[in-house]
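Take a look at the structures below.
Here subunit A shows up in two complexes: once beside subunit B, once beside subunit C.
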Partner chain A sequence: MSLSTRTRARDSGRTSGPGHRAARTRGHRHSRSPQWTAWAFLTPVIAYLLIFYAYPLYRNVELSLRDYTVRSFVQGDAPFAGFGNYAKVFADATFAPALWHTIVFTLVSLAFQFTIGLALAVFFARNFRLSATLRALFLVPWLLPLIVSASTWSWMLNSDSGVVNAVLGWIGIGPVNWLTSPEWSLWSVIIANIWIGIPFNLVLLYSGLQAIPPAVYEAAALDGASGPQRFWRVTFPLLRPVSAITILLGLVYTLKVFDIIWIMTKGGPSGASTTFATWSYRLGFGNLVPSFGPGAAVGNLLIVMALAFGLLYIRIQRRQALT
Partner chain B sequence: MRHVKTGIGLVLTALMLFPVYWMVNVSLTRDTDMRKSPPNFFPADPTLEGYRAVLDEQVPYLGVSLVVGLGTVALTLVVAAPAAYSLAKLRPRGGGLLSFVLLIAQMIPGIIMAMGFYAIFLAAGVLNTVPGLIVADSTLAVPFAVLILTTFMSGIPDELLHAARVDGAGAVRAFVSIVLPVSRNSLITVSLFAFLWAWSDFIFASTLDQGGDHQPITLGIYAYIGNNNQEWNAIMATAVVASIPATLLLIVAQRYVAAGVTAGAVKD
Partner chain C sequence: MGSASRGRRATGMGLAILAAAGGLAACSSSEGQGSANASQAAGGGPYTIWDPYPQFDKSSEWVKLLEDCGAQAGVRVERTGYDTSDLTNKALLAAQQGNSPDVLIVDNPVVSTLAEAGVLTTTEENKLDVSAVAPNLLAAGQSGGKTYGVPIGANTLALYYNKDVLDEAGVKPGDIKDWASLTAALEKVKTAGKKGITFSAIGTEEGSFQFLPWFWGSGANLTKLDSPEGVAAVALWTDWLKKGYAPNSVINNTQTTSWQEFASGEYAFAENGTWQLANAKKTGFPYGIIPIPGKDGGTAPAPTGGEFVSIPVQADTGRYATSQKLVTCLTATETSLTTTTTLSYIAPTEAVQAKQVAANAELRVWVDAVKAAKGRTSDDLGTKYPKISEPMWGAVQAALSGSKSPQEAMTAAQAAAASATR
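Coming up: the complex of A and B.
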């Protein structure tokens, strides 16, 4: 199902609202207030959101504002520390590198995922024999458990016995210590993450391409536009709304990537692939003595970044829905 | 020309799926060939040692993952289906705000939820338990489930519900005897995704079930990588087995998978 058809079905459902509502009230005169019923059906999800979303988030904020030790964590009588944990985090020697790695990881991943995803979407835009099947197979990396992808890439990138170094060896490039050297570990996890993210970009951009009316291309062909001209003058501008959505959602999802990095490198060696997500995990769970306060503080910085882009995404999407 | 495109498509797909092939190839490689350089590109002398190790050591982990996955599906459906019905058909005031909250909820990084859950679970005594893990894993699926079920249920013709009302059915009966059966396909889709995400979860398992007696397969693989990094055929064999639900999902619900990938892009 494409995004656009879904949107259309949605919008038509909404515009026909008042008529249906009138019809419903007529046939429904004897029952209780519709609003009462509507909210009764929403009760489970609201209770769920309060207990299993709002409360953990509140606990997380609270963790970041108190000075926890293992003992006070269990007993729950940690002294209030204000923004002490945040000050500690900002002053930490890990802060600047982790911020930089988070930015590099996110931007480089996105740039490649988007470019490759777009190229594939254009390639698949016109049907050919087997195209639907092959397109479905391209979803596999997105569906696999992250631990499966991460451990497979770990072995492929193994310095001595990995297939990647074997292939590089054929073209005369010496063995690269992908996961064990500080220069390469960040790039290793980026490569694996690009692979995992391509399907997401492909699917979104493909559905965007399907929404461009063929008549536009016919007109461009009549005007004698060449292949590249058609792409840069027609496809690319018309795809801009979908591209914006794809990139912003990608930003939100890439910022929070944890599994891949932790499983492949644990953020190392010596912090060379540590991002905010893995740093937060290491503070909270990675050491023998947990430091939940600073860990929660790093997590909350991450959530602020993710939500900033998330709100931007929703804003852009809403605006598109109106036009 | 069309055949040329098919050919290029096959090559691109093969390149993209090379890591998957490699996982299967390594899972069938003998211990003695594991450190060969260059590695065997085809399983020339395949062995099932790796899969025997899975049977010997990983079955309990697979069982836990199965239970956690099914529990997550049940919890997700119970919470999400009525909510989606309400948002799609009963037009509650403030429904837009709720959808907005659900959209935001999808964007919260897992590590933040994990830390909050850890504090709560420790106090409540459900750390390292299967029910605790089910609850945490369900947070991966509930917002998605509500949003996508709402989209599907919006497509149910109002006339159908109206007819039920005329016959005297209340909202609950309309939900149980009309909305749920009609939405069977979308409920199955949501269930498959909820199962897959719970099955694949690593961050909640590694934080909330680290010391548990019943651990899921993701922790089984993780422990494997840490403990015996010599037996990569066993690790990759476990990875192959752990990929079965994803493969089934792609075969059974191929046309819904794309909708699942774009879940975050669902409107409202």
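Coming up: the complex of A and C.
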């Protein structure tokens, strides 16, 4: 990367928006009121960030650092407990399995969502009859409310009356207890999550493919590149920026998946499909007596994980912006 | 400059992720106290009632009943129905912000928790009369020698059976007296090519609710989950699953999905509650109800379901008198028949129970079951109950799914419960 591109990128970063620049130049000529106008335009955003992001986050952190009982929650005099709730969460027998499930759930979901999404994107990239209609149909999982898709999946995977076991029965495979055996429940929710995540990958990667100039393919074809070669030498490398963003966004989304798991298995049986997201909810709201402190602590751990990947995303985005 | 802009963007992105990932913050709140009721206190204003019956809308009998009671007390009533699992946190949050409703109707095992939090007034303060209420029902609303509300009605669990399936298998429901005869009946049903029994063993409070009749019916006590009696109850269910008398889906069944299985007409028995009575008539097959048998005979104590009507603490104690009128209107002997019929509950007082049976002989078995029933928070467990219940449903799930033996599961549950209640 040359020095000049770097400088240009920085310049554009500094004067981030025409409004800013305009406000400054006019500010030299006239009174200070345009400065105030600028602030007035900024205020809604700042207020929005403070009210809906900063304050809830602050409360969540505070919640996780205090020893809340139902009584102290109501009276508002919960004693400061430092990292007591975190220590409790780390020592909990649920911690290691929940962490492992979160990792497996996220990575396996992503791998399949991306692979299938990419395959479909490449497939739909050659425009054929009805391709637009078919592509639209593939978006259905995305459009359905999660409660509907998760309920449908749990109905299909029902041990006794589910359609999946019925089909497996025809080909001579015994009933699989998809949702009710500890060996399968995590895989069941992963399968459902993959299905739900494919359209997201398909849409992003499809639009990424549109941006690759056809001339590159023509050149490759003239050089005698075969189909697989064209994919691995042209499509895949040129799609890398879009792929990276797709995967990172998917990562952040998948880490916090809660509804699918909760509707299908409630994290069970006996914790076999519990991830950080469902564990946090269970601690905070899943019992007759809420444990707000530990629940918030688990939620914050999840936030830290998402944040780490979010920062990675920003790094990659910056690198792409500069190249 | 570069690093500053990166920092700024990082913060922005970070905040966006945080908002997406952090859900718990929703239960936090400001510290404002007691301002919400000031206006109400000044002019009387409407009286707020919260209940866990969101299925009833404005045109329902229930809401009409509330409005009538308001009219009798000379006030306007503002009613909100919440999902029952939502109501505890809503009530705690409202109390924290000083805008509790005037009348709060909550699920009975929650009463001791709210009492512990200082959210509810005692009957000494609110002058509610609980003398006529059956002691086994009232116990769920008592803690530390004080009473925190009046049961609006009660429901409990029993075994529904499908007459056709039992006839086909040659089983007489009257012969089922204990666990052995029930298991023998299930075996006959299976041999006849039908399905045995369905229940709900889901990993929530609902699972504990359904498991308790067997646990208590074995003679076990919640303070010692891993007693031989407690393990025997888990082993009974586990055995049924292993032998195919009960479907594997019970592990994920709610009481509603379990009922749907029974309604398919394939099952001989279903463990379910009073509230399914109306649905039972719609199934299209002849059904009957027997009490859940104890291990060695007799009727097993089933847990009481149903809500308590309570009066939350208010900054303006002058409101209690009117709230008391509203609650009395819903629970007094004269009106209780209407209330319980509206909610399809069994009345909490013997006098009204007799009236109910006189009106509908079918309710006899339920009245008996309610008389034998026991509050989950009874035996002085109070707020300890939820901390025992969670490991217990976990153990049932672990044993049924085969990840632990009944003994291992209950031993682990007892260890967890002991450390949580210490």
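Keep in mind that, in the parts below, the second predicted complex is superposed on the first by the 288 of 323 C-alpha atoms of A that agree within 3 Å, B and C clash if a C-alpha of one lies under 4 Å from a C-alpha of the other, contacts with A are read in each partner's own complex, and residues count from 1 in each chain.
The rule is short, and it goes like this: a residue touches a chain if its C-beta (ideal position, glycine included) is under 8 Å from a C-beta of that chain, and two chains touch if they have at least 3 such contacts.
Note that the coordinates shown come from a computational prediction; the quantities given were computed from them, not determined experimentally.
Contact with both subunit B and subunit C is seen for A:Ala306 once the two complexes are overlaid on the shared chain.
Touch criterion met: A:Ser149 reaches subunit B, while subunit C stays clear of it.
Applying the stated contact rule after C-alpha superposition, one finds that A:Gly286 touches subunit C and leaves subunit B untouched. With both structures placed on the common chain, the touch criterion links A:Ala221 to neither subunit B nor subunit C. Contacts of A:Arg71 after superposition on the shared chain: subunit C is touched, whereas subunit B is not. Of the two partner chains placed by the overlay, only subunit C lies in contact with A:Lys266; subunit B stays clear of it.
Using the contact criterion defined above for the overlaid structures, shared-chain residue A:Ile173 touches neither subunit B nor subunit C, since it reaches no partner.
In the superposition on chain A, contact is made by A:Phe138 with subunit B only, not with subunit C.
Of the two partner chains placed by superposition, A:Ala87 touches none, neither subunit B nor subunit C. Touched residues of subunit A were counted for both subunit B and subunit C, and B has more of them.
Residues 10, 13, 16, 49, 52-53, 56-57, 59-60, 63, 73-74, 76, 154, 160-161, 252, 255-256, 258, 280-281, 284-285, 292, 295-296, 299-300, 302-303, 306-307, 310, 314 of subunit A are contacted both by subunit B in one complex and by subunit C in the other.
Taken in their complex, subunit A has these residues touching subunit C: 10, 13-14, 16, 49, 52-54, 56-57, 59-60, 62-63, 69-71, 73-76, 93, 154, 158-161, 175, 177, 179-182, 252, 255-256, 258, 265-272, 280-281, 284-290, 292, 295-296, 299-300, 302-303, 306-307, 310-311, 313-314, 318.
Of all residues in subunit A, those touching subunit B in their complex are 1, 3, 6-7, 9-10, 13, 16-17, 20-21, 23-24, 27-28, 31, 34-35, 37-42, 44-46, 48-49, 52-53, 55-60, 63, 73-74, 76, 120, 123-124, 128-131, 134, 136-149, 151-156, 160-163, 166, 169, 195, 198-200, 203-204, 207, 245, 249, 252-253, 255-256, 258-259, 263, 277, 280-281, 284-285, 292, 295-296, 299-300, 302-303, 306-307, 310, 314, 317, 321. Residue ranges of subunit C in contact with subunit A, taken from their complex: 1-2, 5-6, 9-10, 12-28, 31, 85, 88-89, 92, 95-96, 109-110, 113-114, 116-119, 202-205, 247-252, 261, 383, 385-387, 389-390, 394-395, 397-398, 400-404, 409, 416. Contact residues on subunit B toward subunit A in their complex (touch as defined above): 2-3, 5-6, 8-10, 12-13, 16-17, 19-20, 22-23, 26, 34-39, 41, 78-80, 82-83, 85-87, 90-93, 95, 98, 100-105, 107-120, 122-123, 135, 138-139, 142, 146, 151, 154-155, 158, 161-162, 165-166, 170-171, 175, 196, 199-200, 202-203, 206-207, 210, 218, 221-222, 225, 232, 235-236, 239, 242-243, 246-247, 249-250, 254-259, 261-262, 264-267.
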